[in-house]
Amino acid sequence: MLQSLETRSAWTANDAPVSDVETIVLSHEAVNDEYRHLVLRAGRPATLAAPGQFFHLLCPASGQDKPYLRRPMSTYKADPEAGTLEFLYKIAGLGTRALTTLKPGDSFRVLGPLGVGFTLDDSWRSIVVLGRGVGLATLAPLAEAAARKGIGVTAILSARRPDLVMSAERFAAIGADVRPVLDSDGSSAPENVRAILGSLAREGRADAIFTCGSNRLFRLAKDFATEQGIAGQVALEQQMACGLGMCFCCVRKFEVDGELVDKRVCWDGPVFDLKEATSW
Amino acid sequence: MLQSLETRSAWTANDAPVSDVETIVLSHEAVNDEYRHLVLRAGRPATLAAPGQFFHLLCPASGQDKPYLRRPMSTYKADPEAGTLEFLYKIAGLGTRALTTLKPGDSFRVLGPLGVGFTLDDSWRSIVVLGRGVGLATLAPLAEAAARKGIGVTAILSARRPDLVMSAERFAAIGADVRPVLDSDGSSAPENVRAILGSLAREGRADAIFTCGSNRLFRLAKDFATEQGIAGQVALEQQMACGLGMCFCCVRKFEVDGELVDKRVCWDGPVFDLKEATSW
Amino acid sequence: MVTAASSSAAPVSLGVEVGGLRLQNPVMPASGTFAEGLARVMDLNRLGAFVTKTITREFRAGNPVPRVCETTEGLINSIGIPSKGLDYFRDNVVPFYRAYSPPLVVSISAPTVDGFASMARDLTIPGVAAIEANISCPNIEEDGRSFAMEPRLTEAVTAAMRRATALPLWVKLTPNTGDIVAVARAAEAGGADAVVVANTILAMRIDTETFRPKLGNVLGGLSGPAVKPIALRMVYQCADKLAIPVIGCGGIATAEDAVEFMLAGARAVQVGTTTFVRPMAMIEIIDGLAAFCARRGIADVNALVGAVVDGNAAPEEAEALL
Amino acid sequence: MVTAASSSAAPVSLGVEVGGLRLQNPVMPASGTFAEGLARVMDLNRLGAFVTKTITREFRAGNPVPRVCETTEGLINSIGIPSKGLDYFRDNVVPFYRAYSPPLVVSISAPTVDGFASMARDLTIPGVAAIEANISCPNIEEDGRSFAMEPRLTEAVTAAMRRATALPLWVKLTPNTGDIVAVARAAEAGGADAVVVANTILAMRIDTETFRPKLGNVLGGLSGPAVKPIALRMVYQCADKLAIPVIGCGGIATAEDAVEFMLAGARAVQVGTTTFVRPMAMIEIIDGLAAFCARRGIADVNALVGAVVDGNAAPEEAEALL
């Protein structure tokens, strides 16, 4: 059985000390029009972040954009040896627009690692990750952690167009079976994704399923996990203020023992058991 | 007779259109620990500013420093041919600290030219300027304007130490008789300055006196002008919000017909007749 | 009147009818933050209306300096209504604005009910299009209690002005009361043609080096972006309960802010402190409103008024649940 | 207790006596902005006290999301006091804080006078050092009027709690009343040991793209630097009129802000929203207070309390002159 995600005793550094690190920007590149890749010097303990854990970024004021709150971002890569921390983000509004003004050499603060990340069970031999958009940023470190444990990975990467398939090379580099599915050629349609999942299950390559970045994919994954009786986890988003479980603004509804209960995405998650998570 | 400063019909562009110019920083140098010299590309009409007029600077937000109001600064130099505008400022607090972060190539807004500048009467042959600290920044363009009109200038420049005598070269370049007076050797003492003024008057080299930057020098200049029956003007400072005569926050007391009345430094000044201005 | 949106060819109608006046657009200055000086920066004929600094009948000197202090995204002022008196205003200021087309709204203050009424009467002259009563001042007949803090006093002073003038009468409320809706209703009952929501919020700062208050008058009124969500809430609460229009005021800095106030129920907006920081702001807001409507396919800016979608809300009980 | 200032060898005494408690320093969290999670970031033993999120007797779900929205230098929240109830709190939360030395102040809310009193009684247990009554909630026995809006209701609920517990009793006031001094005096008359000035200011925002309120609950409470000068003014007004201490709260972000509140008359301060943006802020403020006192040659932080120099001021008539 999976350990409960709520006890905070997952396999990784989920209980690592949290620090508000003054990081230095090493590089900051446009991946495409909408996405930016940010590499920071952060040192330990920030770089001990586990896959699925996140950081709370203090976006700098710039011109008319003066974000007041921090903005949460998933760990895209954390390398304790190199002391580097990476984020992949989409320019959405005030805060992310302000983030784009950071230049190499600039410094800014990130708080973390925060929250409960993904859990990998030693008994699994092969998992499926199913993501879309920046959700793939969240799943990439999980796939790498799985590979390090000798768990095989199939990565179903959904995107609007081929050029928006994010991070395919990261999944490929660990030897994952990469399956891009696109809106542009219709392959991202639920029926097709369901078919892929079905054949993976038949091949015994789906001991668990992980998803992030799309409500439609979440529902597919949840149905699939239920049907197959396998484990599954989802990384969720919700607007945050404190990031430390104090303000209760980041709640979502979860189904626990047949009842709908509120849980805090920042503290009880952002990774939750697929069985509990509800559609949004 | 001098024209009234209040009618706004002075010899220069005091009624020039005011614009909120997006300027580009050309250079920004430390003059010493406390002072900075800022050169901007500003174009017309900003560079038509008359000596004694000022600009209202929208200081950029930087880190924890987020000045909300603009900050007033005297025109240190305005060159309509080159399209450049210069300021000399002292780092005082929030706003000026934020100003220091401007780098060549950065752009920021300055509103102006504002207020009523100095008045030069065609009948004068020789004037005295008497200033201290950043007050000299305000007087330098006046001295140059006087030189252009063929009026001789004696510049009594007061400072704590020799290295803080600001802009002596600007006064020297127009052939002014430059007289530094220092706290460090006692030459800035009122008696000494009064003696210098007395001898200038005896030599017929004091048709009018102009002062800025020190309450003590203001009192000296006012007494001197009264004794000698000559004209005199002072450039005053007061905290400002609008800079356009609308908010009435920048008032000071003036003696008009034996009565103390409030006038707005930004609109009725910042240059006032010595006879009206009162000690602060 | 129809104004072309700057970002689109589709004409957007920006004209609004507010408290007895037809304005070419809903953007005007807030009292005390506007004067003739702005003519040096912008074309005053672009504005929806002019609103003067509050005047009193007699000469008043105003408060000791410092009269303003800066705060985080805001300004605290205690100017103290310096005034050259009603006669000076009639003879010197009213004629200045005759050269311009937008209507002139004159803000008045007085220490008594009769004082307000007689000023309203004496300003019922050509060149004055409406009276805005700044009733945040103390009533010396009622122990110095501010008119605008209490519904009873608000209704009395409004009714007296109503009898004294046929001009459109706007009443400007204070946000420092515990029940602005009750005060707004009292102004309506007294015969106001519109309410302005709202004046500044009582505030202070202390200099931690000198240990002195940062204002000569110790306390002052907070304005600017910092107060915007508070003023917006008050506009929303009042608009729902009044038949007369609400004019929104407090921290408006951008066209988006103006849209937010209109969605909350404001028929027009006043821009104050922002003009000190960005003197062209009112023009930018007018152009921005037109551009916003054009982009959203809104032909008439009046469609924004009160258009907030708040179906499942029970705003009156909101504090219950904070 | 004596703490060494970080920037100087001179020891500065930061200890304060506030509302029946002796605190090692005057800095504590504001209710609803602090919980066990902060132990992951800082040494909780450094704080002057702990103040919990408000609890209710029964389980409460809280408000619909979105529960917060950002504004210029501020935050509007409408969390809605989700609570697992008093029993859960006693059995799970109180024991957590036993491991730490600062006193635990429990914030409570109830819909009736008796509800407040019985909660105060039932929380008079080991591990709880004081009760903070969040009386900004509606009183269902009085037509839903908020206790803290009216002196009469405030005095009644305070007196009932006073009879129910011997613990130090702090009463937290709302800034949304028109006369906070009268409400503060009523709390004192009812037997409060201190007042906390103040809670959040009712505010709102509307999304100009969707036309929907930015909060699920439509209205919420504004906090953060934007409100600081308003809260400071209220502390100044109250401190002058009360014998019991005032605890300042609203927008405090730096040691300088804390000094400003203490000069205005606060005996201690609560830091809320700032912790969301700079989680180490309370520690920085404690160190900064010590450094400030050391630099100014102040041996005891209590010397700052009410030390504002306002000789020539007549603050009560201030609004008269704005």
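Residue numbering begins at 1 within each chain, and the chains themselves are lettered A, B, C and D in the order written.
Note that in this section a contact is a pair of C-beta atoms (placed from the backbone, for glycine too) under 8 Å apart; a residue touches a chain by one contact, two chains touch by 3 or more.
Nothing here was measured: the structure is a model prediction, and the numbers come from that model.
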Point to revise | Where subunit A and subunit B overlap in contact partners, by chain label | key: none
Check your understanding: Which other chains touch subunit C while also touching subunit D?
Key -> none
Study note, to complete from the structure: Max Cα-centre separation from subunit D goes to chain B
Study note, to complete from the structure: Note: subunit D sits from subunit B at a C-alpha centroid distance in Å of 48
Review point. How far is the middle of subunit A from the middle of subunit D, if each middle is the mean of its Cα atoms, in Å?
Key: 36
Review point. Which subunit C residues sit where two or more other chains touch them?
Key: 71-74, 77, 79
Practice item. Spell out, as numbers or ranges, the residues of subunit B touching 2 or more other chains. Key: 66
**Study point:** Chain contact topology (line, ring, star, complete or other)
**Key:** ring
Review point. Who touches whom among the chains?
Key: A-B, A-D, B-C, C-D
Exercise for review: Mind listing the subunit A positions that touch subunit D in their complex?
Suggested key: 15, 17-20, 58, 66-70, 94, 111, 238-239, 241-249, 251-252, 262, 267
Study note, to complete from the structure: Interface with subunit B, subunit A side, in the complex: residues 61, 66
Exercise for review: Could you pull out which subunit D residues touch subunit C in their complex?
Suggested key: 63-64, 71-74, 76-81, 136-138, 144, 146, 149, 174, 176-179, 199-206, 208, 210-213, 217-222, 225-230, 232-233, 236, 251, 256, 259-260, 263-264, 292, 307-310, 312-315, 317-322
Review point. Within the complex, which stretch of subunit C touches subunit B?
Key: 32-38, 40-41, 53, 61-62, 65-68, 70-75, 77, 79, 82, 224, 273, 275-280
